[in-house]
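In what comes next, subunit A is part of two complexes: it sits with subunit B in the first one and with subunit C in the second one.
Up next, the complex of A and B:
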């Protein structure tokens, strides 16, 4: 009964919405999340729920695949480091509010030490621990050895390496050019650009949340909701034929899911206007073109008017518009995901003649 | 001639040594690069031929036929008196879809694209239908599938000469 409910709640449309709601609440009530009591409670709650889930044979068979074990480790590390940073930031925010310097800025913490031996010894030690860990891992979990590659056959489900499963999940919603080349390119270039765009000196050398609300929440949104979450879905919840399966659902090869996807041009011309698609592809796709350009350029003055004035002043126009472009590209992914879930929308702009689909 | 050992080069000698050195270095590098380049082209290619004889049209029942899929990456599809050869490469990102006879559709295991038996995409992210290969009869009446020529639906090529044979 509960398991059936969890299976339903795990479908992307629900789980993504729940995830975003929890994410918003967590950052809104940082005064609750950023306490040791909350961290400990969440840890115990997670361990209990996880233990209960592992007792289920189907769930256990999914998570105990050698390929999926890194994701369990990833979850624990992401969980820990996110909470720890928020906790530290909250501590400092309280101190700064009370007029004290942040913990890292107190006189006893400002004392300087030599990189050798303090840092180098730590690094050496970490290196040794990682090597030992990897060797033990390699001994216990064998790499799956399969038959020679065959260009006319693909395993089912065919899964990318675990760190790319977020990308593979993204590809479900986008054309390969977008999700495989353009968006990853923007992610890489955007991450490189962050230090040049973000010239806010606050938070240098100490944890804080309140002083860098926008920077921290937008980064955490991209990282947790759009990368880590999609890895979870791609790893644990996608089975044969890349169909969605709940965590307690048997991977039935013949599960039938109705997902007839249609393009925006087909929705507008055929459903609304009740006529055939125009022959000229630019007339056919004009609504998609308007939507795309409206999203990329039309939204900018609106956002600037409502939220962006102070950022524009502080960052300067070039930095500000680049940042806005990066944020808009990032938000295109969840928007496209919801459009797919609610309207079965395949492509907003569909020009397979030019290999261009958005 | 003096017996003094020569201890220094004059300008002309220095440059001739330099030239010999650079030419030797350049030749060695070019030789190595050409070896690497040669290595990229294997002596034997274990890939199926781009065209093959696919038997007589009467060998195929109506619907999707998988007999050439593993050897040549081609599905033969026969419907309404037309016989076509379909590529088995998903138009989304190039995985190999699975033919599901019970559901009567092709379903890609990588991102969930689905195709009707005639190759039209209807679910998942695939942007266009499966491509079709050139197909014709040889003088003996056998079917020849030529994978070098591709017919694409979105370009309106499925009714072209060679995209199908009448049976």
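Up next, the complex of A and C:
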């Protein structure tokens, strides 16, 4: 009964929305999240839930695949590092509010110490722990090896290595040229651009949240909701034919999923105007073109008027418009996801004649 | 007695030839041990206390480098046993599994590779959360982003080498993305426009996917390419960039701390 409910709640539309809601609440109430009590409670809760889930044979069979173990380690580290960074940030915010320097800037911590032994021993210690961990892991889990390569027989589902599964999951919502080339390219360029866009001088060299709310929230959103979350869906919840399966659902090859996604042009011309699609592709796709260019260019003055004025003044126009472009590119993914879930929208702009589908 | 023995060893000509200073228990020798050792001289002699605390750095960058080194060692050992041809690749992996008593070299290499991807991500997360990309460290953040991409490419190219079903289909899925590159991929937007009369300029015989795989599908040519990329080309680039990265950490003022 509970498992059936979780299977339903795990569908992307629910789990993503729940994730976003929790994400928003966590950043809103950092004064609760950034305490040791909350961290401990979260840890115990997660361990109990995880232990309960692992007891399920179907969930266990997915999670115990040798190549899926790194994701469990990733999740543990992401969980811990996110909470810990917010915790340290909150502690420092309290200190700064009280007029004290951040913990990293106390006179005691500014003091210089010898690299030998302070730094060298720490590194040695971490190296030994890491080596022991790797050796134990290597003894207990054999590296996977399947049948010899056979180009004529494709396994179903065929999955990329786990660290690219977020991109593969994006393929549900975008065509390969977007999900595999353009968006990853924008991610890389955007990451490199961060130091040149974020000109806030505060928060340099110490944990904080309040002094860098916008920077940290948007980075965390991209990292947790659009990268780590999509990896989870792609790995644990996508079965044969890339169909969705709940964590406790058997990967039944015969699960039938209605493929009723339609393009914006079809919605407008056929459903709304009740007539055939125009022959000329630019007439046919004019609504998609308007929507795409409207999103990329038309929104900018509106956003600037409502939220962006102070940013524009502080950052200068070049920085500001590049940042806006990056944020709009990032938000295009969740927007496309919700359009798919709510309206079965396949492509906003569908020009298969040029292989150009958005 | 043991102390006397240690002293005797430390007094031999051999010991003194290797370590040119006394034990690092006073200021002079602590400086000398770091400055005089080619491996340790990556470190500054002295640094701010906040920079050595695990609660600040989580040691994720250091661990990433450490795992890179152990992957180099295990990788070189694996190269002794592995031939990158469609005929031998899979059986060589079987051999590694079946014929080496207590062999965990492939496991160490594979799990280490996964772990390095994770640690490098968490390292980037830590650097972001401490605002360490801010001036004067903007350039080094960029180098770090490139290193992060290269880490994933290293892992990705290595994924093909066992030459099993898991390998070729994961690489097939991954490399199919290259086909969709705008203008440069056979199936990408704009590629169909690159035509002179009947002559198609971007076909499946010359697009970026073909360049990556050395063929139209993941075959023996792709195996050799990925082998070279994985064992020689990307590690060399990574090694150079790691040198730049570490150099700049030092030149930009060491591990970040409040200004």
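Convention: the second predicted complex is superposed on the first by the 322 of 358 C-alpha atoms of A that agree within 3 Å, B and C clash if a C-alpha of one lies under 4 Å from a C-alpha of the other, contacts with A are read in each partner's own complex, and residues count from 1 in each chain.
The rule we apply is simple: contacts are C-beta pairs under 8 Å (C-beta built on N, C-alpha and C of every residue); 3 or more make two chains touch, one makes a residue touch a chain.
Predicted model only: the values in this text are computed from it and were never measured.
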Contact-wise, after the overlay, does A:152 reach subunit B, subunit C, both or neither (first, second, both, neither)? first
Now for A:347: first (subunit B), second (subunit C), both, or neither, which partner does it touch? first
I'd like to know which partner A:201 touches here: subunit B for first, subunit C for second, both or neither. second
Between subunit B (first) and subunit C (second), which does A:236 come into contact with in this model arrangement: first, second, both, or neither? neither
So, A:16: does it touch subunit B (first), subunit C (second), both, or neither? neither
For A:180 in the superposed arrangement: first (subunit B), second (subunit C), both or neither? both
On the superposed three-chain arrangement, identify whether subunit B or subunit C touches more subunit A residues. C
Contact-wise, after the overlay, does A:116 reach subunit B, subunit C, both or neither (first, second, both, neither)? second
For A:256, is the partner it touches subunit B (first), subunit C (second), both, or none of the two (neither)? first
Quick one: classify A:143 as touching subunit B (first), subunit C (second), both or neither. second
Check subunit A for residues that touch subunit B in one structure and subunit C in the other, and list them. 150-151, 153-155, 158, 168, 175-176, 180
Please give the residue numbers of subunit B that touch subunit A in the complex, ascending. 47, 69-73, 88, 92-93, 95-96, 98, 100, 102-103, 107-112, 114, 122-125, 127-128, 154-155
Residue ranges of subunit A in contact with subunit B within the complex: 150-158, 168, 171-176, 180, 240-243, 254, 256, 259-261, 346-347, 350, 352-353, 357
Contacting residues of subunit A [partner subunit C, same complex]: 67, 70, 73-74, 77-78, 81-82, 85, 88-89, 101-105, 108-120, 122-123, 126-127, 130-131, 134-135, 137-139, 141-151, 153-155, 158-164, 167-168, 175-177, 179-182, 188, 191-192, 194-196, 198, 200-208, 212, 216, 219, 223, 354-356
Subunit C contacts subunit A in the complex at 24, 27, 30-31, 33-34, 40, 43-56, 58-59, 62-63, 66-67, 70, 86, 90, 93-94, 97, 104, 106-112, 114-115, 117-118, 121-122, 125-126, 128-135, 137-138, 141-142, 145-146, 149, 152, 155-156, 159, 162-170, 172-174, 176-182, 185, 187-193, 217-219, 256-259
